[in-house]
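These are the structures, in structure tokens.
Two complexes are shown next, each including subunit A; its partner changes from subunit B in the first to subunit C in the second.
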Partner chain A sequence: MAVITALVDHLSRVPGVRGAVVAARRDGIVVAEALHEGLDGDALAALATSLIERCGRVARAAGREPPAMVQLRATGGTLVAGPVGGELVACAVAAPDANLGLVRLAIAESQGALA
Partner chain B sequence: MTRAAETWLVEPLQGFVAESSARLVLVMTSAGQVLAQHGFARSLDIMTAAALGAGIVASAEALARLLRAGAYERVVHEGRESSVLLGAFDTPRGRWIGLVVFGPETTLGLVQLFFGQLVRRVTAAMPADRVPAPVLARDFERELQDSLRALFGR
Partner chain C sequence: MSDDVRRWTAELAADPDSRAFLPLGEALRRRGLLEAAWKVARSGVARHPALAGAYDLLARILVDRGDEPGAADAWRTAVRLDPSHAGAHKGLGFLAFRAGDDPLAASHLEQALAVQPDDPGAARALARVRARRAGVDDGAAPVALPAPEASDGEVLVVDREGLVLGGEVRQPGGERAGEAIAAQLAGAAREAARAARLTGLGDWQLLTAEGAGGPWQAMPAGEEALVFAAYPDGCPGGRATLATERAARFARRWVEAMR
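Entry: the complex of A and B
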């Protein structure tokens, strides 16, 4: 649990990140979160988990490996999510000017730590 | 197939089913009177599910009072092939219950998320001109038959 809490803490401290959530991959329920005001952690966890699962299905259908990370870019910001340790999904919501490299690095490091 | 005893319930229920990928849905009063359904094929299944669902919610709420735990808003039974979410919510016409059966094609998080939206949509779309009527024994069977006719179109 300390690794998960550290990941959420780490992600939320990246400049421009508005919130981070780690959710259970099986049910999309929040395991740990650090959110700025106005972000719904339950919704973020459920939708990010669904996004990862659906992207995985698309990749498998195309004969590819499931994605290690998914980046969803919108006008108001970017969502970065990735499976962590098989049972979890990590997700960060970032402003348009956020350092996405640091977000991706934090998720990738936790993927290695929890593998 | 989505059907409702009151037509204004159909749209929010269809939206919920489309977004959550739920397999079966019942919306009922806390007394077990069915107001809308999706996916059920037989009236007997509806009556049984409504009675059992209302009973489970009543038991959970009694347990919450006993334990001074406030109100349990959701009761979830997780299974391997399918799971059930029971959620009670207050409306201007009394306390209603949603019973949702869902499988591994969706998640509890998504079902909970869109169930919350369903509650808000139902409460917002509810016509204000009807007040809850007391359930009388002599009316109960007739109302039940009327509801089932509406829900199955026969």
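Entry: the complex of A and C
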């Protein structure tokens, strides 16, 4: 749990990140969250887990492994999500000027720590 | 949980015979909560065994679960119960198209359009079936990546209903994967649009997934189409993005030229 708490804390401190959640992959229930402004943690968790699941299906159709990281770029920023520890999904919502490299690095490090 | 899901759940709890299971099951399916959607749909079918819409819902969930034969059975039951059920005819039309049975696909899509003539997805699918039957569309029209530096990637152009418009992507073993990818990509694109909208990020522009086997990306190509681009392991993300953006611009013009 300490790794999870540290992850959302770490993600939320990256400049430009509006919020971060870690959720159970199976049902999208929030395990830990750190939200800066106006973000609904429950909704973000549900959306991130669902997006990871949908991308997994596309990957299977293409004969590839499920994604280790998913990045959704939109007009107002970017959502970055990745499975961590097999049963969890980490997700951060970032403004257009955020350092996405740091966000990705934090998720990748937690994937390594919880592998 | 959204307000709608709460409302339908409460309505169903208060009256288990309510037809609220139909919008509830569909909402859960669209959220990717297939187990929950499946339970709602099964319960609905048990309580309303003569309701075609219940089988239509069941079929859509089965397609999402990858059980197309099961979905076909459910849609056939829906048609038996209600021969003018547009959703069931449309579903059977799509399945027949994917299976390469163009006469059956055309028949079902024509019946769907007879009931819902304004359904753009069914109209596009029927046009595609007719083109394939006429031999002017082999299902894999060439769509080349326009950027030489991205020649190691593969591109697929699909419509928003999950049908291939052009291009092809192959699995590592060489099998054609376009139809299967297109079917799943439509759902992923809807989920991407929903996630971007509900998190206040606006309109989605690019979806990137990275994993063993290499990155793949999806991007809107105008209002009606999506581009899917798959790259080999080791392809830098920035380079893939440039190539996908070029492919999407190219595909958008290509789709407009086909109209």
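To be clear about the criterion, the second predicted complex is superposed on the first by the 115 of 115 C-alpha atoms of A that agree within 3 Å, B and C clash if a C-alpha of one lies under 4 Å from a C-alpha of the other, contacts with A are read in each partner's own complex, and residues count from 1 in each chain.
To be clear about the criterion, contacts are C-beta pairs under 8 Å (C-beta built on N, C-alpha and C of every residue); 3 or more make two chains touch, one makes a residue touch a chain.
Note that the structure is predicted; figures quoted are calculated from it, not measured.
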Combined model on subunit A: subunit C and subunit B, fit or clash: clash
First (subunit B), second (subunit C), both or neither touched by A:T75: second
Chain touching more of subunit A, residue-wise (subunit B, subunit C): C
Which of subunit B and subunit C A:A46 touches, first, second, both or neither: both
Which of subunit B and subunit C A:A23 touches, first, second, both or neither: first
Subunit B versus subunit C as contact partner of A:L114, first or second or both or neither: neither
Subunit B versus subunit C as contact partner of A:G38, first or second or both or neither: second
First, second, both or neither for A:P66, with subunit B first and subunit C second: second
Common interface positions of subunit A, toward subunit B and toward subunit C: 27-28, 42-43, 46-47, 49-50, 53
Subunit B residues touching subunit A - in the complex, by the definition given at the top: 78, 106-110, 112-113
Residues of subunit A that touch subunit C when the two form their complex: 27-28, 38-40, 42-44, 46-51, 53-55, 57-79, 93
Subunit A - residues contacting subunit B, complex: 23, 26-30, 42-43, 45-47, 49-50, 53
Sites on subunit C touched by subunit A in the complex: 1, 31-33, 66, 169-173, 175, 177, 180-181, 183-185, 187-188, 191-192, 194-196, 198-214, 216, 218, 228, 230
